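Below, chain A partners chain B and then partners chain C, in two separate complexes.
Now for the complex of A and B:
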């Protein structure tokens, strides 16, 4: 009994700091977002007294469905493209000889660690009306001198893919590195085509990495704000831009909260699924180890 | 058996895609034309201008203060969290795991927004302190995850062996476990430091007057002209990143 309570005390002692820190600075603030979504705004940029459903009704503003739809399609398309690129890349890096693999991995990791404002800005320089790419395209007669490469939804899509692709490649690589490639050879020996061996053996084998990659792109893409802000125009705003605009320009915090609450709910679904998946995994492994002893 | 060449060519194309904008940016940082237009001759004046900019130095100083303090605090708190998650399998740890994992996934803008509302509701003045609090919040999760993955590979029979040989619990922990876990804690700290240095979105929401960090300064330069100076700054930051990543990879290989 005393050892049990001592154990409990020890657990509480090492869990406490992070538990309370995240309770105060993560859980409570998130709840506050939901609460303030039901508060009226004051004309001076503050939060009014009492409770109202008015802010939520404001979300029916005719602009919003278009912005929400754009946010969803940009996130979905960028996720699909990132996965289509990440799977062959992850495979290629995992199967490369050791020295080449180290170089390739370094080349993928450097953009991953590079400041993301700079990576976005690099595209602005590249696509700038007087920039080199535009000049080259005009020179090759591939685009007209007055076409704009910047400030449209496709530029936003391109830069979202550029920004989050390393986040997709790394988990796919991690899974592909552990994959047992003799399984593919076995499938081929048994008469499976290259494509069939790939879809029926390799893809299921690295599914965990693909799933992580999917979340690593889709969720941050839903919350994009800087990318459309810098390379997008008025016709390529996403939910994140509206949240920032309501916060910093109009100073209507209840409205910004209502939008944030909406985004939080959208993110919650995939988040919960991963959490359950992730937490279950180590428990199963642990039980397996225990049974073996 | 013939292997498909598609993966190889995709990887090549992706690497070109990754580096083309960065290379053009670097070339442009030596271009003597204000808006990065056609080549106007070689110059280093953007670099000179950069080093004379006092605001940048001030912003860098703020960034380093926040990054180092936030890293220290999150290393301690995050490591303790990882030990708790690894050692106990209780219902509390299940909730704890959810709390640690969620900040890794939740988009930055939501975290920034919720912290801003939290500080506004409590009437806290926005500034370096609020940025520090926000950074520790997301850094804890990264440190905890990195240390946790290290702990999962740790062979606990080593601890038992040490205790069988007469070491007390604390001595065994300090002399056997800590040195073996240290590379994980250091890797977590390095990750936290870089994330704190780079963070823009969350910082932007919780910063106040006079607490400009480097990413915020870069953002305002992007918005209000001075593109050529950002090119020069970007090249320096790219070089720093490259050196840091290579160094941490060689260090890790030496340890293994």
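Now for the complex of A and C:
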């Protein structure tokens, strides 16, 4: 028993600093945001005295359902597309010969060397009616000269996918790199076609990487506001834009906090359920092993 | 049925390296056939060609009269037991065994029945619900075998199946494997670098070296009558002599001149003529070692030497005896209570004797194969890999 409590103490010492970091810079600020949602706003952009539920009722803005729906589908679709691209990419990089693998990894990381805003503006240049991509598409008769490639939800989708694809590829690659490929041979040997070996053995084998990739894309996509702000039009606003607008334009912090809290809850609840379900499995396994010995 | 699984001139190159060089042989139905050789000899490549993971550059593989060269792995009635087991970590033992039948879309009832039967065969009924990470190495091995056998393959390929287990477990698993083979009666092709495993389990062995098959035969044939210096030295231990035939005697013996020895009599199974050069292999246990000169007998060779090294191993003692330029390995079995006798020790002058029938003439000899011998020479400290 003494060794057990000693072990607990050690664990506490080791995890302590990161816990305090999370507490001070993540949990407390989030709680403050939640608290402000229940405060009245002052006309000068400050936070008033007392508590109110009024801000929550203000959220029944007739524009919001459409914006929330757009935010959700843009995030979902971009996550799905990113995963569909990341799994084959991660597989190919992991299977490539060592030198080619390093080059491919570098290519995935290279975009990070350029400022995020500059890369988004670059898309503006590409998609602009006089831009290179637009001109090329018109030249190839793939799009009509009148089509607008900028300032619509699909542009936002394209740029979100572009931005977050590396964040999906890297965890998938990390998992695929550790995957034991003799398992694929074993599956093929046992009568699985290439496709079934991929779906039945490879995908479950890299599931952690896929889950991480999913979170790495879905959460930032849900909260994105710079991308719709720059390449999106009035019809492609996302919830992040509304929060920014309430904060900087309307100077209504309680309203912005309420929207933020709503977004946080919307992300956290399904996430927690999935994570708990997913990460509970190894614990059960360990128990089983203990019983076996 | 002979010629059940036939390899016809199979070759496989990796870049400049000839992994398998025009190999032909056939495996009989129901036998345990071993491919035995050092690492890099091409035995695993041959197995992978048979399983469909590699395409041979040339040649054909025919299974039960059907050319299976070029078929993808999942269309061959062949299953493999992998060296590292390759069990699926996200599935339970039961699900692992059921994987093949599921891929073949058996009915659920049939799968359940067969999986239970397999679990019984490998005596792991109680572990069906466990994950792969929760069982021991020997159990994993048995699951890997069951997972392959449930598909009722025509041939079961085993790629160094016991290499990852410790010695005691390996010997137990070898007995288990033999029992499973007797039970299911499927043809086994067994790849190993361990001569003990191959000798113990095989009906026939193909000894491989550098992408070629040196000899095929029953374990006793391979051991007693090696055709090449490689087979003689890789399987068991031996002594090599080189000499010249000085006379052919009637009764199929010949007289040899070997440097440093009196005339040596040998069984002339190769039909050599006077003047021919000859390489002889003589296993260490064929010698008799004694302090007194043995009585003269026809076809008994006798030579005197000095004991240089002694290793006592309980059941027997290994001696290294110097005779002129030769350093001969001699195994002495202890059939009697050793403490009642005065054992031969280092430095003694002894008599070695052996019968002319116990040596074997080699068809092919390469000096480098002497490096495969146990403790080749004390002066050369370099130990081959």
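By definition in this document, the second predicted complex is superposed on the first by the 241 of 293 C-alpha atoms of A that agree within 3 Å, B and C clash if a C-alpha of one lies under 4 Å from a C-alpha of the other, contacts with A are read in each partner's own complex, and residues count from 1 in each chain.
What we mean here is this: contacts are C-beta pairs under 8 Å (C-beta built on N, C-alpha and C of every residue); 3 or more make two chains touch, one makes a residue touch a chain.
Quick caveat: nothing in here was measured; it's all calculated off a predicted structure.
Chemist: Any idea whether chain B or chain C touches more of chain A?
Modeler: B
Chemist: According to the stated criteria, A:185 is in contact with first (chain B), second (chain C), both, or neither; which is it?
Modeler: both
Chemist: Is A:14 touching anything from chain B or chain C once the two structures are fitted on A? First, second, both or neither.
Modeler: The answer is first: A:14 touches chain B but not chain C.
Chemist: What is the contact status of A:196 with respect to chain B (first) and chain C (second): first, second, both, or neither?
Modeler: Once the two structures are laid over each other on A, A:196 reaches chain C alone.
Chemist: Mind sorting out which residues of chain A both chain B and chain C touch, each in its own complex?
Modeler: Residues 185, 188, 194, which sit in both footprints.
Chemist: Where on chain A is chain C touching in the complex?
Modeler: 180, 182-183, 185-194, 196, 200-201, 204-205, 207, 285, 288-289, 292
Chemist: Contact residues on chain A for chain B in the complex?
Modeler: Residues in contact with chain B: 11, 14-15, 17-19, 21-23, 25-30, 32-33, 36, 47, 85, 88-89, 91-93, 95, 102, 104, 106-111, 113-119, 121-126, 128, 130-133, 135, 162, 165-166, 169, 185, 188, 194, 215, 219-220, 222-226, 230, 240, 243-244, 247, 253, 256-257, 260, 263-264, 267, 271, 274-275, 278-279, 282-283, 286.
Chemist: Taking the touch rule as given, give the residues of chain C at its contact with chain A in the complex, in rising order.
Modeler: On the chain C side, the touching residues are 51-53, 72-74, 78-80, 82, 84, 86-90, 99-100, 103-104, 130-131, 133-135, 147-148, 151.
Chemist: Using the touch definition up top, name the residues of chain B that touch chain A in the complex.
Modeler: Residue list for chain B touching chain A: 1, 4, 6-8, 10-11, 14-15, 17-22, 24-25, 28, 35-38, 76-78, 80-81, 83-84, 87-90, 92-94, 96-103, 105-111, 113-118, 120-121, 133-134, 136-137, 140-141, 144, 152, 194, 197-198, 200-201, 205, 215, 218-219, 222, 227, 230-231, 234, 237-238, 241-242, 244-246, 249.
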